[in-house]
Amino acid sequence: MIVVLKKDPDEGQLNNLTNWLQGLGISIHRSEGEQSLILGLVGDTSVVDMELIRSLDIVEDVKRIQEPYKNANRKFHPMDSVIDVSGIKIGGGHFQIIAGPCSVETEAQMCGVAADVKAAGATILRGGAFKPRTSPYSFQGLGGNGIKLLLEAAKQSGMPVVTEIMDISQLKYFDDVDMIQVGARNMQNFELLKEMGHTGKPILLKRGLANTIEELLMSVEYIMAGGNENVVLCERGIRTFETATRNTLDISAVPVLKKKTHLPVIVDPSHASGRYDLVKPLALAATAAGCDGLMIEVHNDPQHALCDGAQSLTPKKFADVAKAVFALRPFAMTSEELNAQ
Amino acid sequence: MIVVLKKDPDEGQLNNLTNWLQGLGISIHRSEGEQSLILGLVGDTSVVDMELIRSLDIVEDVKRIQEPYKNANRKFHPMDSVIDVSGIKIGGGHFQIIAGPCSVETEAQMCGVAADVKAAGATILRGGAFKPRTSPYSFQGLGGNGIKLLLEAAKQSGMPVVTEIMDISQLKYFDDVDMIQVGARNMQNFELLKEMGHTGKPILLKRGLANTIEELLMSVEYIMAGGNENVVLCERGIRTFETATRNTLDISAVPVLKKKTHLPVIVDPSHASGRYDLVKPLALAATAAGCDGLMIEVHNDPQHALCDGAQSLTPKKFADVAKAVFALRPFAMTSEELNAQ
Amino acid sequence: MIVVLKKDPDEGQLNNLTNWLQGLGISIHRSEGEQSLILGLVGDTSVVDMELIRSLDIVEDVKRIQEPYKNANRKFHPMDSVIDVSGIKIGGGHFQIIAGPCSVETEAQMCGVAADVKAAGATILRGGAFKPRTSPYSFQGLGGNGIKLLLEAAKQSGMPVVTEIMDISQLKYFDDVDMIQVGARNMQNFELLKEMGHTGKPILLKRGLANTIEELLMSVEYIMAGGNENVVLCERGIRTFETATRNTLDISAVPVLKKKTHLPVIVDPSHASGRYDLVKPLALAATAAGCDGLMIEVHNDPQHALCDGAQSLTPKKFADVAKAVFALRPFAMTSEELNAQ
Amino acid sequence: MIVVLKKDPDEGQLNNLTNWLQGLGISIHRSEGEQSLILGLVGDTSVVDMELIRSLDIVEDVKRIQEPYKNANRKFHPMDSVIDVSGIKIGGGHFQIIAGPCSVETEAQMCGVAADVKAAGATILRGGAFKPRTSPYSFQGLGGNGIKLLLEAAKQSGMPVVTEIMDISQLKYFDDVDMIQVGARNMQNFELLKEMGHTGKPILLKRGLANTIEELLMSVEYIMAGGNENVVLCERGIRTFETATRNTLDISAVPVLKKKTHLPVIVDPSHASGRYDLVKPLALAATAAGCDGLMIEVHNDPQHALCDGAQSLTPKKFADVAKAVFALRPFAMTSEELNAQ
């Protein structure tokens, strides 16, 4: 961490600052310039509050030169982590497609979709039981019953499931769920993240609409600091000025994340674009860029889906996408290549 | 709502659509163009899922022409709502300044700040007990004990308090809190919003970093649909490409919101800018634009605040800001003027 | 175009509006709702100024239902356009890699890079002679002499060249240039665009940092309306809140553009990311998504490039990228597939 | 400037770097940490290309600690600059309202509006003769004839004029124009900026839609480096995800700019919002925040304006806005206050 001081800083305040920092186990290198005195802080600066230092009268600016996250940092854990979802491995060369409907509606729907996506190559089943909807007048999901239907479909198809939790109070329904999804709107719901740190289950953490890559890694830190190292990250589009797509898929986040963290990174082209006709090109792009998996919405009757129909594929179209993805994957970026540069 | 159909739509699918819409009580006006057939939907279209219609094969586009929110809509409630926070009124010409530290630290700190800000004209005391922090290694707030200290300071100073809730499970600590704040990161924590709808207490709902004005009003709808009409909105900056300020205060949100809704709108210049030296100009700007109040961070020793020190004012600087705000307010935009245009 | 009128519009003003529209050859369909009267405008509405109508007292809102661009619109020209750059074809299945240094520096540099990139599969040579730099104190390019050096390298290597124009007054230097680039900062330099419409040369138009896809197509319209149909579009990243990359590559723009227009679309991963270590994953992603070519910065000594060194590849790394791109391309999205959905 | 080196940097490369820097007159302070070696560069680092250094193999990161602009920097010129527009002073406590129509249409229109806005308190007349329009099919302005009509109105009303230049080739029409406007789309048209540096006339430079405050100041540097110190800056809204307003007025840019530069800063609420009904609240807000003037669109018949009618005020409404602005101004932020904090 670099602290740039204002010209002619008050000596008393400067002493207070250096004493306080030394008390935290930080050593300090001074570098005197014509216009400013610069302090280089050496040691474990993750314990130092940048904003606090920035607020001091004698300080002009503070700049961090090390990442503020540890557990997820590839620097301290160079090998890819492999996350095991009830026998299905993600990361370290293992590529998986998670598929299923936006919302769980009926047992027939879930079992039908599950069979279809499995036949096409998907290995984990998704389906929403608790649904975050912008409007209170929109369908809010089947709740606990939805999870039961999802688990029934999982059992019949022999696939593990992932489904979204929206609040700690819903955790009681997730006992048999294989992987818990924390959605984009909850990426900084810190109480929920802390709770996820105590579950031991694999967590699928989606990037928030307006959150930076660094903030995503800090949210992972909440989960990992609680003792749960089974985290998969998901890029699903960020909010920008462009309106042709619902969100803007930040494809660069895939290689950037793969370099910064050892955790697996998957991409959700359905939510990123909000348009079923863009799922295939975005799925191929994400695969090429080196992601560890995809999450795709599939509905057996998208025209009557209770939510997000516009971004769902039919099982037939999904099969076409999956086939193209598997064909392209041998030519995609690998984790090794990304980290060798 | 306007549905633009593709050229030569399949008649069977078109019949299905019109029958389904009529079943929802919607009447349909057809308008035939050279390139497209247009359906005008008349009736209560808030029950119609735009995305579902957009996903139909025969549909080119769907456009909403009415706002999707009702309870907060000024069209159905032209007079300003006045929200009463334990005797302190906000809205309808009543302007209030909420002030206090970012985090509750000690009783001495809280009581000191409370006395200072009250003397300077603040009427509601703020202080964080549960703190949303990007890093798990940062100070997380004093929790339930923090609320006790806050209430003690409130009692001594004779002011009502507002403090933030981060999770439903914390609600038990809020029995004696006068107004509950839902923070920016939780603006779309729908389970928490629903719970707020059942409390009856005034809710201070902050706009999310990347949420549109319309989404803010939809989140209000979650609270109001639960039966709680005591909602105050707070603009606190949005995330943009500009890095000179922590966020970009969307000053236009003040007049836009005041025209769209009858609920009071306040502004938080401290979080919007993240810089104490911008609080005064932004507070004056927000007042001039017609907001119903301000929320300002004040700390008796900002250089040692446990969080967000960089954006806190000293009590002395706060008194200067408050004085300037009160002097300017007679020349500010009024709700009547905004709605007369 | 749909015009939504306010409740109980003034009849005189309504007559004025409908007469004016009918005078423009537009026919009008009325659709009466409970809350509003809606006018559907049928005919060539590209001549109607939306903003003018929106400003009328009796109008609540105006919505466009047809694209405001014509010449570039795939609806009126379903087949891919193929642009010929001195014998090198782009579009309609022809995929090209444009490569070369950010800035032309010396003849040795240009000829060296040209030979290297040609050997690796590039077919068009790039190099900047007029350089848009944020700071007036940064290197501004060699100007007319730079173009001479570029053309010399082109002659020796047998490749056509593309180079950027920054102002109409520079056009005299472009006589022998094969393709003229209009950079991101000039995407809405309308006088320059008009001039490009009169050159007859192929134009490479880069998307502006903060311009929508629709605005890009409107800028194309300036060129095509002048009689020049030889336009290639280039996605090169947009400005967002994310700071891990210089810009955010909008990968979705590739399929969206390929559906909206018949013109070729290429991608510049070097400028999009500003980081040489992201060029390969982004180049693969763009290729997979169905672009018609790539534009990549290559420098024989990137560590001494006079500008933008951080995003340049060595010739050796470029050869690796090109090889991977060519290997992946048979598995990429095609224009036919994108337009069949 | 701070250069953070990678662990165990190659000594040969390190020597090359330090020799090169010393050759530029920079002295270097080394600061050795556990994880990295840090170089503090002392001297005139505005000549050092950050990107070039960042691209070196041995470099982890580079951070600037001084602003890269000089002429506009308040640090080197603490007193407010006052810009004289043919006798009308802006800055240093002088507050002016610039008003007039978006486009010059007829002599009658211009003279009528000029008389009206002058009577209401405006002191500089605006009107567009060369119009940047997104669509080539929209009205493009009257060009040279428009400037003649504008100057005629100026003469009759006794006010200086400001009007926009779009291309260097138009400069011949600007001989009698008092102040030249460089619009948002041309903020980084560097050739035009350089030319403005040679005119000696006052320049009104508008911030680009997606340009940071620092980039705006770098563009000013292009003008000032050419010898023209008469520059007025204009905040006119930035592009964000919010769609309720055409752009998002970045009100914080007013105090931030007033602290960073000695040049006057004005605000254009008409273009920022694109809505006439938001002009008054935004004009009041900007005034309160401490700007040195406003630029407001006024049309005597806004419903028939050839462009941007939706954001124009009638002369009567403008008079109401101007009156409110003048009444509020004694209570607004001053330049001294902003720079005392």
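Each chain gets a letter, A, B, C and D, in the order it is written, and its residues are counted from 1.
Keep this in mind: a contact is a pair of C-beta atoms (placed from the backbone, for glycine too) under 8 Å apart; a residue touches a chain by one contact, two chains touch by 3 or more.
Everything quoted here is computed from the prediction, not taken from an experiment.
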| item | value |
| --- | --- |
| Partner chains that chain B and chain C have in common | A, D |
| Chain of greatest Cα-centre distance to chain B | C |
| Centre-of-Cα separation between chain D and chain C, whole angstrom | 27 |
| Interchain centroid distance [CA atoms averaged], chain A/chain D, Å | 39 |
| Distance from chain D to chain B - Cα centre to Cα centre, in angstrom | 31 |
| Of all residues in chain B, the ones touching two or more other chains | 210, 239-241, 243, 276 |
| Sites on chain A touched by chain B in the complex | 46-47, 49, 51-52, 54-57, 68-69, 132-140, 166-170, 185-186, 188-192, 194, 208-210, 215, 218-219, 221-222, 225, 239, 276, 302-312 |
| Residue ranges of chain A touching chain C (in the complex, touch as defined) | 210, 212-214, 238, 240-245, 248-256, 259, 272-273, 276-278, 280-282, 284-290, 324, 327-328, 331-333, 337-338, 341 |
| Touch list for chain D against partner chain A, complex | 2, 4, 29, 31-36, 38, 40, 42-43, 60-61, 63, 65-66, 239-241, 243 |
